[in-house]
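One chain, chain A, links the two complexes that follow: it is found with chain B in the first and with chain C in the second.
Presenting the complex of A and B:
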């Protein structure tokens, strides 16, 4: 059989190429520039991310073209993932700018390497979003995770950081093994690894009278468990609180969003696009996972004094809410709001959660710690920081008119449309429970006297980042219409293939 | 003498995968846990190659090559983390690594 070489359409992967160029530039800058000028690389990274975001405009997403033999798809789903990770990347770089070279961690953290790893992980996540084949999903997820393992242990002189990294790494690699075993069985049962072809070959299997083969169900289970680890769904969440607490705070901020986006993008691509015909077999599983995850995350978060750990558990809770969106999948029709609500939630989560971790970073660069006590009297010390934190906490809780409210509203709407009333009720109840630990932070900031030493430190880029995120949290909810419409085009993306 | 079938590959792969999985869950030495994870990766390779052999397609073999490459990359980062930690704590026993608790 002669090998046919197809010329790839480079134009479709321009955002990824720009990011790759930026990584090369940052690494070259590490070599060429003297150490005290490394700060300039932050701007290089920001410019690269912004360019990569802008370059999304050059692509005709409506066509839903694919290239590299169907490995890479440029459709509305990948566009939205590009948007989410681009925005999350810019915000993560901004909040890391003061902390990484700041010297608050024992030993030093080289900024260029930090930025290069961060950008690599973002690139991997973009590839997952655009994946058209199980192989690309695997490679993208690994590219994203391996870089984040290294980032988690980036404060390499601090035992807690290394411990978090070790746990994240061992469980992450374990999950990857399960995930690819699932991919192997999917390949065995369907004879292909291309997502669209898997769906095509599954359709007759499902409509036939024989029922679904056990090997397919095994594949489905392995895939769901492997991806469940990546998004930190209960009972596969064990690494999450430790990794979030141990990692340097800007890394916690980053990994609470982007690797999670990668996991959810992979779930949507694999479960909805490829295994969509089997949805009867996985919908209940996802719905139960969603319920257990949100209950566990929110209830355990109540007992935490360490704000980073509390946000870790709260992010488990939010994983549960986002899974509700996926569980509401009913079919590829324009009225189906499932994946659309999931995508919108991920974008709003990027603003409010990176923001919350950003305020913790802000405190740390001023010599304070990460427990609730360190938030005492923040309102008298810095009213602006206290207002920002209040906005993020209220938004995470789901207070209108902040974006967190709209995100939950759309998820609930999707659940109600899919007749999952019990899940919708659970989301509302758990939001009420979460009010306890989110509002506690706010109360401590406003009603307690400041304690501990405080050093005045200018951090312009971090401050700007926080202001942007507060603004985003305020405005994105009110402007949610067009954004949600864009997210809703996932139907077109998955339908074309 | 019976012929080689895909079942042979799959049985071997499943056995290796389960041995690896049990090792991860039972053993306490970080390095052994990591080796067990590698065993699981290679079990997956065996099943990919078994399926590819059964279906006369190259897709599974290509996939296996990529898995080998990724496993190598993962080993670099993972061993780095384990080295740094064992230098700080002077142990590779996972039960001794418990600084992070609420």
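Presenting the complex of A and C:
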């Protein structure tokens, strides 16, 4: 039988290729440049990310084409993931710029390796967003995760960092095993790994009433559990606080967002695009996970005095909110806001959460720690930093007109449209609970006297990053309409299949 | 030009933002350049846009984006320029530009200079968005925004206790009106399912009469607060605590007319409810009259001008209530010129007298401040309705409008108030600029203001003289033909005014204005009438006017004091006892749970893996039993 060769459409993977080139450039720079000139690589990384982001303009997303035999899809969904990840990448590099070479961690942290790992993880996440096959999803997730495991332990002379990294790695491997097991069962039941084909083969099977074939259900549940780990849903979340606390702060910022985006993108691709016909079976599971996750994350966050750990738990809470969006899925129609609200939430989350971790980084580069006490009197020391942190905290809490409010609002709206009133009420109640620990930071900054030593340190790139995020948090709220419209085009993306 | 409309509000916004961020450290006393540039761009684009509207006689609009897309509830941010908005655009940007220039001189050397030039463009932005909005929600948002700017600017010298209190009072009093306005907007949405003007006006006629009246009255409540009508006018005179340019721009020419604009904009709603119209007319007439009587008795130069503003806003309101929409907007326009001129002139006097505002310690300033005198005189004559200045044409038309609109009593009240207007205006002129110098010439040396303050005065006085001719001949002037398309359709009534009526009222108005002038001359220049004797003769009536009809005292006794007592009780008993107890209880419970749950996090990786495994087993187990065919 003659083998038919398919010519890849290189034009569709331009953003990924640019990122790959940047990684090569950064690694080459590591070898070629003397150590004290490594700072220039930050700019190389930023330029690469910006270029990759811009190159999205060259692709016709409306056509929803795929290449590499359907492995890679360029549709509106992958565009939005590219946007979120690109923006999050730029912001992460900006806030890492002063910290990584700063020498505050024991032992040194080589900047080029840091940047290369970061970019590699971003590339992996972009591949998840564009995946058209279970294997691509696996590949992308692992590519993203392994780089982040290494980044978590990047402060290699600090015990807590190593502990966090090891836990993250061991449990991650465990979860990956479950995920791949689920993929195997899926293949066994349907005979294909292509997402679109899975949906096509499932559709006739589930039309009848009554239960679902157990093997299919097992496949579904194992996939959900494996991905649940990546997004840190309760009870698969236990690595989160240790890893967030142990990792260097810019890494915590990064991994609170991008690997989560990868997890949610994979969930949307797998559950909605491939297993959409089985939605009756997974919707309840997702809704219950959402409830448990948001309650647990928000309640335990109250007991934390370490701000990084508090943000770790709060990110679990936000996972719960984002899951609400997914749980509101009702079918591929333009009125369905489920995946759209999820995507919008992810973008807004990138701004406000990286921002919050950014302020912690900012304090650390000035010789302070990461507990609530270190935030004392920040308003008198640096009003601008305090204002930025206030904006991030209020936005995470869900205060209009900041973007966090609109993110929650659209999720709640989706839940109400799907008749999940109890879930919508839970989101509102948990937002009220979250006010307790978010506002505590604000109160400490404004109403307490400063304590501890303060060293003056210019960090222009970090400062600019914080300003951008504060502005983004505000502007994205005011301009939420057009952004949501773009996110809402996921229907078109999944509909073509 | 439609694609450039966005520049009109954007330019001042950018100026405001940049001045906020960089003003304190970098721009400092250069902050005015950007502000003036922003407002000038805004003015330029407005002129071009208005020219196109005037030529093509169709409304322009630019859709920027959808602010809140939520199913049936869509809030578009669309800027629309029809003829009514066009007039407002020119008034707002024109007066703003002049006031910005004037302020460079007036605020010179103030430590808050940059702050002033950040607030002022922010106000201009908000006001422009208010008039450009194409739906009630956007209108409401910027209605609140101009209120906020007003609050910030009244309390600009926040270290002065009286300024801080006046700002607070303005804010609280406006809340009362805004609450009603908000309810009105909600009522519109509940009944009509849309907030866009065109949609609302097309459907409003189909609603039951009672509903329309309720909507109209609630909307008008907002106007009562913002445009300082009885009974909520008490904040405006106190608002004079702000810098004088602010009084000229916000509390005379623009923001306070937002209420009038809003009612005119909503005219199909009001026109559909005769009861609401009657209420508007009565409140307007009462305001015009009461404020005029108070103006007769005050000694603070700015307070007199402020009460005059309240009175003139009353005129506009009763024109609206009589269906004389164009006349109301016409008076709004001419008033913007001469009242801004009067405030800036008063500011020039105060500036020259080193912050003296009491007219009993002025007099004879004509010699020292010739330019201020002549421009102030023009403004006063225009306000008094002396032929042929701007105020004559518009005020006369307002009164004729009430007469032919079937409200003769309102028209007569308007004429009486016009007599008082002329009297108090020339009282100010004579007390301030004529007669003997009643200040201590050794310590106070009045000096004419610098050119940067003088030029805006001159330009505004040109407007105060000639703006009225836009409305000549009455009812058929350029102004009317321009605005006519806005106020037609939707069952609009058109009253034809005969030439005889026009002439008669013109003559009566002139006679009334001259009578006021004559009385003021007799009393304050010749001394033929002794004001003190008249005051004593009138006794309680004089006291009533001098004490501002006891509005503040009544509010203090009936509302403020009982509310204060109630709040103290709520605080001591309900808040501390019940609510705090409940909140602390819940917080304690949550905290207790949190402390328990955090123990789950043991730190041992084996436990974590166990949690994942257990979770998986439970989920899979439950599902296989409940959801699959395995056990069925």
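Convention: the second predicted complex is superposed on the first by the 492 of 497 C-alpha atoms of A that agree within 3 Å, B and C clash if a C-alpha of one lies under 4 Å from a C-alpha of the other, contacts with A are read in each partner's own complex, and residues count from 1 in each chain.
Quick note on the criterion: a residue touches a chain if its C-beta (ideal position, glycine included) is under 8 Å from a C-beta of that chain, and two chains touch if they have at least 3 such contacts.
Note that the coordinates shown come from a computational prediction; the quantities given were computed from them, not determined experimentally.
Enquirer: Will chain C clash with chain B on chain A after the two structures are superposed, or do they fit?
Expert: By the criteria stated at the top, chain C and chain B fit after superposition, with no clash.
Enquirer: Applying the touch criterion given at the start, work out whether A:49 contacts chain B, chain C, both or neither, answering first, second, both or neither.
Expert: A:49: touches no partner chain.
Enquirer: For A:217 in the superposed arrangement: first (chain B), second (chain C), both or neither?
Expert: In the superposition, A:217 touches chain C alone.
Enquirer: First (chain B), second (chain C), both or neither: which does A:281 touch?
Expert: In the superposed model, A:281 contacts chain C only, not chain B.
Enquirer: Based on the superposed arrangement, let me know which partner A:185 touches: chain B (first), chain C (second), both, or neither?
Expert: first
Enquirer: Let me test your reading of the model: by the given contact rule, A:299 touches which partner, first (chain B), second (chain C), both or neither?
Expert: Only chain C; A:299 stays clear of chain B.
Enquirer: Which partner chains sit in contact with A:359 here, chain B, chain C, both or neither? Use first/second/both/neither.
Expert: Neither partner.
Enquirer: Of the two partner chains, chain B (first) and chain C (second), which one does A:91 touch, if any: first, second, both, or neither?
Expert: In the superposition, A:91 contacts neither chain B nor chain C.
Enquirer: Classify the contacts of A:413 with the two partner chains as first (chain B alone), second (chain C alone), both, or neither.
Expert: Only chain C is touched by A:413; chain B is not.
Enquirer: Just to be sure I read the superposition right, which of the two partners does A:241 touch: chain B = first, chain C = second, or both, or neither?
Expert: Once the two structures are laid over each other on A, A:241 reaches both partners.
Enquirer: In the superposed model, how near does chain B get to chain C, counting Cα atoms only, in Å?
Expert: Shortest inter-chain C-alpha distance (chain B to chain C): 5 Å.
Enquirer: Please write out, lowest number first, the residues of chain A touched by both chain B and chain C across the two complexes.
Expert: 166, 170, 174, 178, 241-242, 303-304
Enquirer: Inside the complex, what are the residues of chain A that reach chain B?
Expert: Those residues of chain A that touch chain B are 134-135, 138-139, 142, 146, 149-150, 153, 156-157, 159-160, 162-166, 169-170, 173-174, 176-178, 180-181, 183-185, 187-188, 191-193, 241-242, 245-246, 303-306, 309.
Enquirer: Residue numbers of chain C touching chain A in their complex, please.
Expert: Answer in residue numbers: 65-71, 587, 590-591, 593-595, 597-598, 601, 603, 605, 607-609, 611-612, 614-616, 619-620, 623-624, 627-630, 632.
Enquirer: Which of the residues in chain B come into contact with chain A in the complex?
Expert: 6, 10, 13, 17, 20, 24, 30, 33-34, 37, 40-41, 43-44, 47-48, 50-51, 54-55, 57, 59-60, 62-63, 66-67, 70, 73-74, 77-78, 80-82, 84-85, 88-89, 97-100, 102
Enquirer: Would you pull the chain A residues touching chain C in the complex into a rising list?
Expert: So the residues of chain A touching chain C come out as 166-167, 170-171, 174-175, 178, 210-214, 217-218, 221-222, 224-225, 229, 235-236, 238-239, 241-242, 281, 285, 296, 299-304, 409, 413, 417, 433, 436, 478-482, 484-485.
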